[in-house]
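Please read through the structure below; I'll follow up with questions.
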Amino acid sequence: MVSAALFWLIHVVPGDPGRNALGPYATESQVAAWNSAHGAEAGPLEGYVSWLAGFATGDWGVSLVYDVPVLGLVMGRFVNSVALGVLAFALLVPLAIGIGALQARTEGSRGDRATTVTLMTLASVPEFVIGVVFLIVFAVVLPIAPVRATDGLGSGVVLHVGAMLLPALTLALGTVSIVARTARSSIIDTTRAPFYRAAVVRGLSGGELFRRHVARNALGPTIAVLGLCLGVFIGGSAVVETLFGYPGLGELLVTATQRKDLPVLTAGVMVTGFVSLAALLATDLALAAVDPRVRLSEGS
Amino acid sequence: MSVVRVRGLSIDLRSPRRYRRVVDEVDFDIDDGETFGIVGASGSGKSTIAWALAGHFARHARVSADRLEIDGLDVLSLDRAALRRHRRAGVAIVPQEPQRALDPTARIGPQVARAISSAEDSARPSVIEVLAEVGLDEPESIARRFPHEVSGGQAQRIVLAMALARRPGLLILDEPTAGLDAVSREAVLSTIGRTVQRRGSSVLLISHDLTLVAAHSDRVGILVDGRVVETRPAESLFSGPRHPWTRGAVAIERSRDAAARRNARSAGRTVVDADGVGVRYGGRPVLEGIRLRIERGETLGLVGETGSGKTTLGRAIAGLIPHSGEVVIDAPDVPPPVQIVWQNADASLNPRRTVGQTLSRAIRLLDGQTTPLLLAERTGLTADALDKLPHQLSGGEKQRVALARAFAGRSAVVVCDEPTSALDPHNRELILDLIVQLQETTGAACLFISHDLAVVRRVSHRVAVLRDGRMLETVSAAGMDVDARHAYTRNLIAATRRLASAGAASPHGSSNGVDSAAMDGSGPSSVSPDTGTSTCR
Amino acid sequence: MTSADAVLREPRRPRAPAGADSAREERRAAGGVLIRRPTFVVSALIVLAWILAAIGWRWLGIDPYADTGASLAAPSADHWFGTDRIGRDVFARVLAGSESVLVVAPAATLVATVLGTVVGLVAGYRRGWIDAALMRVLDVLIVVPVVVVLLVVVTAFGQSLPVLILAIGVLLSPLIARVVRAQTLMETGKEYIESARLQGERPSRMLLHELLPNVWPQALVQATLCVGIAVFVTATLSFLGLAATPPSPDWGLAVSENRAFLQGAWWTVAFPCAAIASLVVSVNLIGDNVKEVLAP
Amino acid sequence: AGAHGADGGVYRVPISAPGSQIDPLTASDQYALAITGLVTEPLASLDADGVLHPRLATQWSASADGLTWTVELRPEARFNDGEPVTATDVVWTFESIIDEESPSPGQTSFAGVLEAIEATDELSVDFVLSRPFSDFPLLFTGPNTGILPDGYTPGSWLEEPVGAGQFLLTDYTIGQGATYVKNPDYWNADEILLDGVELKIYADAQAQLLAFQAGDIDRIGLTAEVASTIDLADYDVISSGFNRFDALVFDVTAPPFDDETARQAVAWAIDRPALIEAVYFGNADVANDTTFFPDYEPKPQGLQQRTQDLDRVEELRAGRTFRFTITTSYQLLGEVIQQQLNAVPGFDVSLDVMTTEEYYADGDVVPWLQAPVTATSWAKRAPTQYLAAMYAAGSDWNASHYDNPELEELAAGFDATTDPVQRQALVDEIGRIQWSEVPAIIPAYSKSQAVQSTRVEGEFAGPLDFYTGYDFSGISVER
């Protein structure tokens, strides 16, 4: 269903793959010839059916722009995006939950409010500004990271991680605010719950309280939000990848849209879609694992 | 020697906008091994005091006290570590809403185990032992469940078990039996009594139930609007109350036993006819083969221990849950035939709609011939209540709104589910009167659910007894004492009787109230039908 | 009945604070509380200032397009925020830029809120296959890469304002729908809904009169979050050359156009950035405060 | 800059992601052309001053009737697979381009000019024209004219990057770039000092700037962003010859611009030096609305150079207010022209900036050809090519819908003659028509200018952006 909607949408994009491939100097008949040679002139419906059949059997077609098989191209980029996404996620989770927990502990204080405002400000400054600042500082002023991530990838572990760290951090920073907010408020909610009070007067220490009671209960909403983030991260962020010259899927998809590279676009969107769905599913599973009430309502 | 010494304790709590004095210059002592009772209306600050003794205060609370000592420790000046030690070793609290006092994400077993391990006592009993101790039937099964999978009464016992297992020096019981029927209540109280005696603990017993507190305390403090208005020995509570609140409450408790509803009903046609009704929750049968009929203008009382399926039956009759068997509501021309007055009035009113809106909508939908104002007046609400939102109403007022709504039109059947369990004597009486009155004027058939037999008999024509999801018998409310066939029913009658007489006669002044004669050694199962009836007048 | 009964008909009990006796006064009182919260007041003033700027910049004699003669001049008394690449006054552009932001972001948020609330309410209330179907659709909206979809939509239907507003609105609606649905599920379990159902309440009234009043605080907070995201998304679209078109003084566009001047002429980027941040943060803080007061 | 002996090194050039297929025959955008152009070799290329230099060709001459051009090939030239470059390869290459079924975008340059190609012997080729064309050898520098071996399979280039050029492609990665090593068998290998070249793909100007600052690339185009960020004194600033103009094109069939006074009014309203400052960073010459670059001979004589003259505008405007929209994909140019015009009384100009894809879209809506007023960039060509493309009645690209048989006749006459006096007279007349009827305003001829790392030695023979042949002879990078 998703694929159908998308396929249709992509087909109404004005512009012509043949024209894009051949450039403005080519003649009409050249463009038409190119289109028929690349199967780009079939109507949306037949195109969709044949594409779907191919997709299912692993024949994802050939990129109209790059002239290479889509499968390899998309999956290669996809692996990179996953790596970046996972790293960003690994940065995000402890950072956001740590900040959220700290804020919850100092709820209502100046520090709490200041942190909220700072995080929101960070989140509202576009990624491409934060990213550029990072690049200026870490790639130009103190050159410890490459300007273009691809220059660092594959050239030694240190450079490799260095090349991924900046984009991952940029990616993570945008969402820290939302996750920290959720963590903060659900921790606060938990500490207001009667069972928390009951545990407190049983004389548990702060650490025990957090481990045994707060963590599980407050994790629910946070996991829900994190699931969304994970999906977005793994699907690749066009802006961050573009900015850092990181060879990820998001960047590929934006280019594919602009150039109307149908096979790449559809395959890429499908892959991100599947991944994000998987992330949502994982979220639900994780939720069920921490909160038995969810299990009950799903089961019945 | 005093274990607890409180002088000039004042607590101001911040309601959303401003501070309000909730506990006002309270003084009391609890001696070693003594049971001190606190009674008072809902919202008078009882729970707040309870938590204060454990050194816990609501956020933004302003606390001042000349003295707040337990075992000679000044609770207010303890540092974190010392406070933790005090909580681990010195006090245990059984909170008022037991279900919510359990961590919803963890199974019962581990929770209890943790509570036990946090006690500084070398001889730790096992989880199963602890649960069995408080009379839970299938401790193994319970230990494996999550808190939302047990009934309110079971939760209450679990929380109690957690507190008792820790053998604290000071045991704080906040409404420990509110959700329990008379039989379970006796069992629970005797368990408490045994444990307390063994350990020599002091007890703070909090309840809005004068009879209960009088029967199980040595001394009783009366709390009205955050002030201790009088402190008396338990035995003289019913004999010479001074404060108007106490006098009023005592009067009501005295008349409590005033037998069953007397007015006969006009025999009418059968409105509710249920046959073979069964309900399962996730495969577990909760109700089985229920048969009942209610006629027009009749009130059928439904009693049974907690978790026996009373609420479930009410919901099945209203058609709110899937069930097997047949429920026929014979009410032609009445579009919404069944209304429910829920146990928890608070949750049953839309928090964002004013009373007026709620009532006028109910009149429209239930095809009533009245106006919100008339309806309000009939249920004893003042006109200005119509403009208020539920949270601006007192508990009793909320109950009345819920009743007014249920009786707003021509509904043929009204299910009243525990409408008084959370109310102090004054409010309870008002509501019961109202139900009788409303039902008489509208002629609706009524299913009245409660675990309190005395209350049920006040309003019902017939009483049905439910146990473990099966209908044991249905007897007439008036002739119940004689007609009851089943041992369980007889137990229930006997236990209720004892409870009532304990308050009305206020016979004993033992040194340790909890360990009183009424429950000494007599578990519920050992009460024979004979003893049950013999106590009866 | 005993004699004490007369006295005790209306037992003394804690009352709601004086002055908050009716629902209307309650609301007024909530307003009073808000006014006393510094974060709320400051945020409200900032948002108000931007709204005024958006409406009134034309009458202030501000020209965001004119060449002032000096290009890339640093902030000074003449040009408070400096000038840009082709000599336009950055201060004038930031003021005028509030206009487009305050059209797209709130409108998209409105679309998202209305759509999300309706979907969330219906899904949460009806449950069953309707819920499942709606939630799958939402999942789809969540899982597709936002920027790519916007890119496709905008190229397909043109770069007009309504298209942009609708597209962003639809894409953001799951954020609201999910929260509203969760809240609705919770509320639906409560007895007041069952009571209404027992009274035979019509579904539409059930959703609008019974459920909506109880879920909108959550929706509101989520909506303020959406305003921020909408501003951010439009800025990102500008980065990809898809949202506002030059020479619009749109903030997002300004930031993305001038980002290469970050080192050479920081003021061309920093001030529009600060403007975005001030608006987004203020709107969020207002949402937080309203939530804290209305639904504590 | 080190001693002369410091040859070698790798020269790193930033590019954007190529938009078309990477194949010498079908590449259409400058980055795809760059990737293939380093490996292939054209017959001839232009130097920085616009003078044609032999590459694979050693010499060329026209027959007396101007209808046949004979080209002699370089005997020592070899493809990188070791095969010699012969006349059949040249024939095959050009036939592939002009073939009716040809997918090559280069086809349009030869349409209506080149009729046939014949190999007269191993190393000489005859180009048979359908009409005389005095600037025909300039077409050897156009896109897709790198010579490929006879029988080359279109589309297979990335698998087997064949060519007779200065470098060998060692790696191309989508989204990252291409790396090259020196071709040891290049016919002029002694002059190639570099060990290799690297084309690195960057997403945008900002990324390039940061990379340049970090020392990841050896050059960057000089723009306002660059100039405001780095200290130019730390680098070499190099400049090329003229390489393009940007034209403001009017649809002369639609009011108000169906009236030439209206078009003239706009032409006199533009402040060309200011525009050059703002748009070309000063690196352009003021143009006079004609298509003759300053480095081209002959140039039109006797025209008054247009400058901003508001009295003249007032007079030509005659009380009218011009309300119109400029459609373009060149944002900065559009913004500056709009800003300038709106500052003049009587103008109310709005701007519609599109992406390149939208602007040059195909199908029913083709903004760059249909919008009433457009701003379009034109790469450097022979002057009469512009006349055929932009001004001729039947041309696909005649965005102004201009129709003037006289001009077309003059252009044909110009192409047919080689006599300098005659050519000058014809050019004067063509220029006069372009100047007075103003189907398009051409405000400036621009050059490209770049900032280059001081480690680079030598001077580029050809234009900086390599739009005609890639020539790295004499260049080295200090290691």
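As written, the chain order gives the labels A, B, C and D, with residue 1 at the start of each chain.
Keep this in mind: a contact is a pair of C-beta atoms (placed from the backbone, for glycine too) under 8 Å apart; a residue touches a chain by one contact, two chains touch by 3 or more.
Predicted, not measured: the structure shown is a model, and the values here were computed from it.
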- Note on the structure: Top of the farthest list for chain B, CA-centroid basis, is D
- Item | Winner on C-beta contact pairs when B-C is weighed against C-D | B-C
- Item | Where chain B and chain C are represented by their mean Cα positions, the distance between them in whole Å | 45
- Separation of the C-alpha centres, chain C versus chain D, in whole Å, is 49
- Query: Which integer distance in Å separates the CA centroid of chain A from that of chain D?
  - Reply: 40
- Message: Report the inter-centroid distance (CA atoms only) between chain A and chain B in whole Å.
- Response: 52
- Would you give the residues of chain A that are in contact with at least 2 other chains, written as numbers and ranges? 14-15, 132, 136, 258
- Note on the structure: chain D touches at least 2 other chains through residues 204, 206, 355, 357-358
- Give me the residues of chain C that touch two or more other chains. 155, 259, 262-263
- Item | Interchain contacts, given as pairs of chains that touch | A-B, A-C, A-D, B-C, C-D
- Note on the structure: Touching chain A in the complex, chain D uses residues 17, 19-22, 26, 28-29, 100-109, 111, 143, 155, 158, 173-176, 200-204, 206-207, 210-211, 213-216, 355, 357-358, 360-363, 365, 396
- Query: For chain B, which residues count as touching chain A in their complex?
  - Reply: 51, 54-56, 59, 83-89, 91-93, 95, 97, 100-107, 114-115, 118, 146, 148-149, 159, 166, 282
- Message: Which stretch or stretches of chain C touch chain A in the complex?
- Response: 39, 139-140, 142-149, 151-153, 155-157, 178, 185, 225, 228, 231-232, 235-236, 239-240, 252, 255-256, 259, 262-263, 269, 273, 276-277, 279-281, 284-285, 288
- Going by the contact rule at the top, pick out the chain C residues touching chain D in the complex. 65-67, 71-72, 85-88, 155, 241-242, 245-247, 257, 259-265
- Item | Touching residues on chain C, where the partner in the complex is chain B | 2, 4-5, 7-9, 11-14, 16-17, 20-24, 26, 29, 33, 190-192, 194-201, 209-210, 213-214, 293, 296
